[in-house]
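Let me begin by handing over the structure; questions about it come next.
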Amino acid sequence: MKTAVYRKEHFNAAHRLYNPNWSFEENEAYFGKCNNPNFHGHNYELIVKVIGETDPATGYVVDMKWLSKLIKEKVLVKFDHKNLNLDTEEFATLNPTAENIARIIWELLRSDIDAKYDLKVLLYETDRNYVEYPCE
Amino acid sequence: MKTAVYRKEHFNAAHRLYNPNWSFEENEAYFGKCNNPNFHGHNYELIVKVIGETDPATGYVVDMKWLSKLIKEKVLVKFDHKNLNLDTEEFATLNPTAENIARIIWELLRSDIDAKYDLKVLLYETDRNYVEYPCE
Amino acid sequence: MKTAVYRKEHFNAAHRLYNPNWSFEENEAYFGKCNNPNFHGHNYELIVKVIGETDPATGYVVDMKWLSKLIKEKVLVKFDHKNLNLDTEEFATLNPTAENIARIIWELLRSDIDAKYDLKVLLYETDRNYVEYPCE
Amino acid sequence: MKTAVYRKEHFNAAHRLYNPNWSFEENEAYFGKCNNPNFHGHNYELIVKVIGETDPATGYVVDMKWLSKLIKEKVLVKFDHKNLNLDTEEFATLNPTAENIARIIWELLRSDIDAKYDLKVLLYETDRNYVEYPCE
Amino acid sequence: MKTAVYRKEHFNAAHRLYNPNWSFEENEAYFGKCNNPNFHGHNYELIVKVIGETDPATGYVVDMKWLSKLIKEKVLVKFDHKNLNLDTEEFATLNPTAENIARIIWELLRSDIDAKYDLKVLLYETDRNYVEYPCE
Amino acid sequence: MKTAVYRKEHFNAAHRLYNPNWSFEENEAYFGKCNNPNFHGHNYELIVKVIGETDPATGYVVDMKWLSKLIKEKVLVKFDHKNLNLDTEEFATLNPTAENIARIIWELLRSDIDAKYDLKVLLYETDRNYVEYPCE
C-alpha cells in the first residue's frame, strides 16, 4: 500500500482577478472586490502531496528536505513577494485564481518528481477558500 | 483533470444525542454526556467541497461568493444559533450526530449545485471529532 | 522576574443570552440570535494563566498536571456538556455571556490557587470572540 | 476588576514597503523583497481589544455585533481588497508596515469607542510576524 | 453512501532517524539534523479516519469515545512520552520516520476495527510535514 | 505610545525533566511521564516580543528579518534537533522545563537587543501548555 507525504510552504503575493476580454463593468460584476485594478494580496499556504512507496532503506517516500528545496526553487522564487499579474510569465495572460495557481504549481513541479509518484497540490488563498489539483 | 474548491463556514448550535426508542439509561450508557436532556452545544465548522472543471473564461470551478451565499441561505439560516433537536424539522426525529448533520447538509445543497459537479461535506464538531460525507 | 504559565482546556455547552427583566422584544433587539429561547451552543476554549516565581527545585511555576486536574474538578465537571442556564447554579440568574463565564471561572479557581500567584482567565466563545478576566 | 473583549476580523490587501526619500538601492538593501515596486500582499488578521467594566444589565463590556460592525465600517471598507499604497489616503505617504497599519487602525477606531474603555489593536501580517499597538 | 469519521489524538516522543547499515557519515549526509545520536523530538498529532456506513440506530459510524479509548490503549500507551528508538519494540530496528510510524499505528489498530470499515492514519510530525497511510 | 512586534520561530528537541538531587521514585512521583530516562520530545513554538518606538524612517520597531536571524543564530543553532539535557551546556544541570527554557532564551537574546527595547519570550511546549517570561 502506498503512503502520501505532505509538505507545507507559503508565499505572499499581490494579484487582480479579471478577464481581459470583458469590460470593466463585466469584470466588476463577476469578480467584485477581486477586480481592484490596483491589486490586493494574500498569504498563500501551499501544500504539496507526493504519493508513493516508502523506501525500505530510508523509511521515506521522498526526502522532505529535498521536496522543500524543490518547492522553493521551482515555485517560491517565482511567486513569493511578487505581483502575480505583472511579475510572472505564468499569469501574464492567465487569470491568477486559486484554481489556476494550483494547476500552474503542479505543472512547475511535475517534471522534477519521478513519474512513479503521484502529485497533488493544495492551495489556501485564505483559511476559508482553498483548492486542490488534481481531484478525481 | 478536475479541481476541487473548498469553502469554510461555521454555525453555533445546541443539540442532544439520543435514540427515542431507548430508555434513558440505555441512552446514558451509550451517548454519555451527549445525552444531557437540557442539551449542550458546539461551534460547527462546515467545509463544502465542490469538484469540477475550471471554467477557462473565469478561472473558477464555481464562484466562491455564490457558494458562500448558497451555504448561508440553505444551511446557516436553518441551523445557526438554533437548537437542532427543537428548532429544525430535519432533526425533529433524526439524531443530530455529526454524521447525520453532514448528510443532511449535503442533501440541502445537492439540488442547487449542477449535477456536473461532485459535492462533499466536511463537518467539524470539535477540532478532535469531525466527519466527511460521502466518502468512498 | 516572574513567569506566566498557561494551560488550555475546553468544554462544550449550550446557553441563551437574555435579561429576565426585559421583554422578549427588548432581548431580541439587543441579543439577537443569542436570545433563542431553545438555546444554542459553543465549543469553549479556556486558558488559565498563573503568574509567579519559578521554583528552583522543580523548574515549574506550578505543576501543569495539577493545574489541569484542578480546572477539570472545579470548572469542567460543572460546565462541560451542560446547559449553562438550566444545569448550573452559577448561571441560574446570571446571564452566561463570555464576560460573566470568565469571571465565574476565575472565582471558582481563585481560592484553590495560592495567593502568591496571580490568576487570569481567557475564554474563547468562538475563534473570533474571546475575553480575558481580569485585565488592568 | 476590568475585563477585556477581543474581536477578530480580517482583510486582504496589497502593499509595498519603502521610504520615498531613499534611493531604490537603499530601499532594496533595507526592505528586501518587501520593496517590490509591483507590490505583494497579505491576509491581515486584525484583533481589536476593548478593556472596560462589564455592564450588569447585559453581561457585556461592549456588544460584539456593534464592535464587528464598527470595525467593518471604519477599517475594512478602507483596506479590504485594496492596495494600501495606491488606494488609501492613510498610506499615500506613510509606509504601510504592520506597525503603522496597527497604529492607523487604532486611530480610526479610537474616537468611536467611549473614552472609558481602553483600546488595543493586534495585527497579524503573517502567522509568524505580528504587532500590537499600543503596548506599555 | 459511506461516511468517514476522524478522531484526533496526540503524543510527544523522542526519536533519531538513521539506517544502522550505513556509516555515521552516510546517515549524516542523508538524514542531517534528524540523525543526532542523542535524539530530538516532536509533538505528534495523530488523526485516525474510519470509513463506513452510519448506523441508523445510533447515528454513528463508530462511537468516537470507543475510538479514542482504542487509540489510547493500542497506540498512546506505547509511544507517548517515549523514545521511539529505545523504548518501543516496533522501532527497535525500524527507522521511526513519519511514514513508518503511520504504518505501524495502522497495523496496531487494524485488527481491533471491524473489517467492514476502512481505516486510514494521518500523522503530523510538524505542522509542515505530515503523512497519510494508506493512500491509493 | 510604544508598539510590540512579535516573531514566531520553532525548534524540535528531546528532553527529560528531573531533579538530580531526588531519587528516581521522587522524580517519577513528581514529573511522571516527563521523567522517562530515555527522553521524550516536543515541537517548541517560540515567540519573541520586542517592545519599543516605531522608527519614523522605516516604520519598523525592529527589522523582523534581523530579529529572525538573531533568533536563529543565538537560539535555534543551540536547541533545534538537539537533546536539551545532553547536547547543551545551558541544560547540563538545569531542568529543561518550559519555564527554564523561556528564561534561558531571554538571556541568550537580551544582550543583542538594544536596552531601549523591552523583551519578552513566549514558549509553547504543546498547544495546551505554554509559558511567558518575564511577566509582571
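So that you can tell them apart, the chains are marked A, B, C, D, E and F in the order they are listed, and the count of residues begins at 1 in each.
As a convention for this text, a residue touches a chain if its C-beta (ideal position, glycine included) is under 8 Å from a C-beta of that chain, and two chains touch if they have at least 3 such contacts.
Note that the coordinates shown come from a computational prediction; the quantities given were computed from them, not determined experimentally.
*Asks:* Go through the assembly and pull out the chains touching chain A as well as chain E.
*Replies:* B
*Asks:* Tell me the fewest steps from chain B to chain F, where a step is a jump to a chain it touches.
*Replies:* Graph distance in the chain contact network comes out at 2.
*Asks:* Using the contact definition given at the top, which chains are in touch with both chain A and chain D?
*Replies:* A chain counts here if it touches both chain A and chain D, and no chain qualifies.
*Asks:* Could you work out which pair in B-C, A-B or A-D copies the interface of A-E, where over half of the contact pairs coincide by residue number?
*Replies:* A-B
*Asks:* Report the chain whose mean Cα position is at the greatest distance from that of chain B.
*Replies:* So the chain farthest away from chain B turns out to be F.
*Asks:* Would you kindly say which chain has the C-alpha centre located farthest from the C-alpha centre of chain E?
*Replies:* With centres defined by C-alpha atoms, farthest from chain E sits D.
*Asks:* Considering chain A as a copy of chain F, what rotation angle in degrees (nearest 5) results from a C-alpha superposition of the former onto the latter?
*Replies:* So the copies are related by a turn of 180 degrees.
*Asks:* Is it true that over half of the residue numbers where chain A touches chain B are used by both copies, so same, or is it different?
*Replies:* different
*Asks:* Using Cα averages as centroids, what's the distance between chain D and chain F in whole Å?
*Replies:* So the centroids are 28 Å from each other.
*Asks:* Once you find the CA centre of chain D and the CA centre of chain E, what distance in Å lies between them?
*Replies:* Taking the mean C-alpha position of each chain, the two centres sit 41 Å apart.
*Asks:* Quick check: what residues of chain A touch more than one other chain, meaning two or more?
*Replies:* Within chain A, residues 127 contact more than one other chain.
*Asks:* Using the contact rule from the top, write out all pairs of chains that touch.
*Replies:* Every touching chain pair, ordered by label, is A-B, A-D, A-E, B-C, B-E, C-D, C-F, D-F, E-F.
*Asks:* State the interface residues of chain B toward chain C in the complex, per the touch definition above.
*Replies:* Contact set of chain B toward chain C: 10, 12-15, 33-34, 36, 38-43, 80-83, 86-87, 126-127.
*Asks:* Which residues, counting only chain B, touch chain E once they are in their complex?
*Replies:* Contact set of chain B toward chain E: 17, 19, 30, 32, 94-100, 102-103, 127-136.
*Asks:* Under the definition above, what is the set of chain F residues touching chain D in their complex?
*Replies:* That would be residues 1-9, 51, 54, 57-61, 63-65 of chain F.
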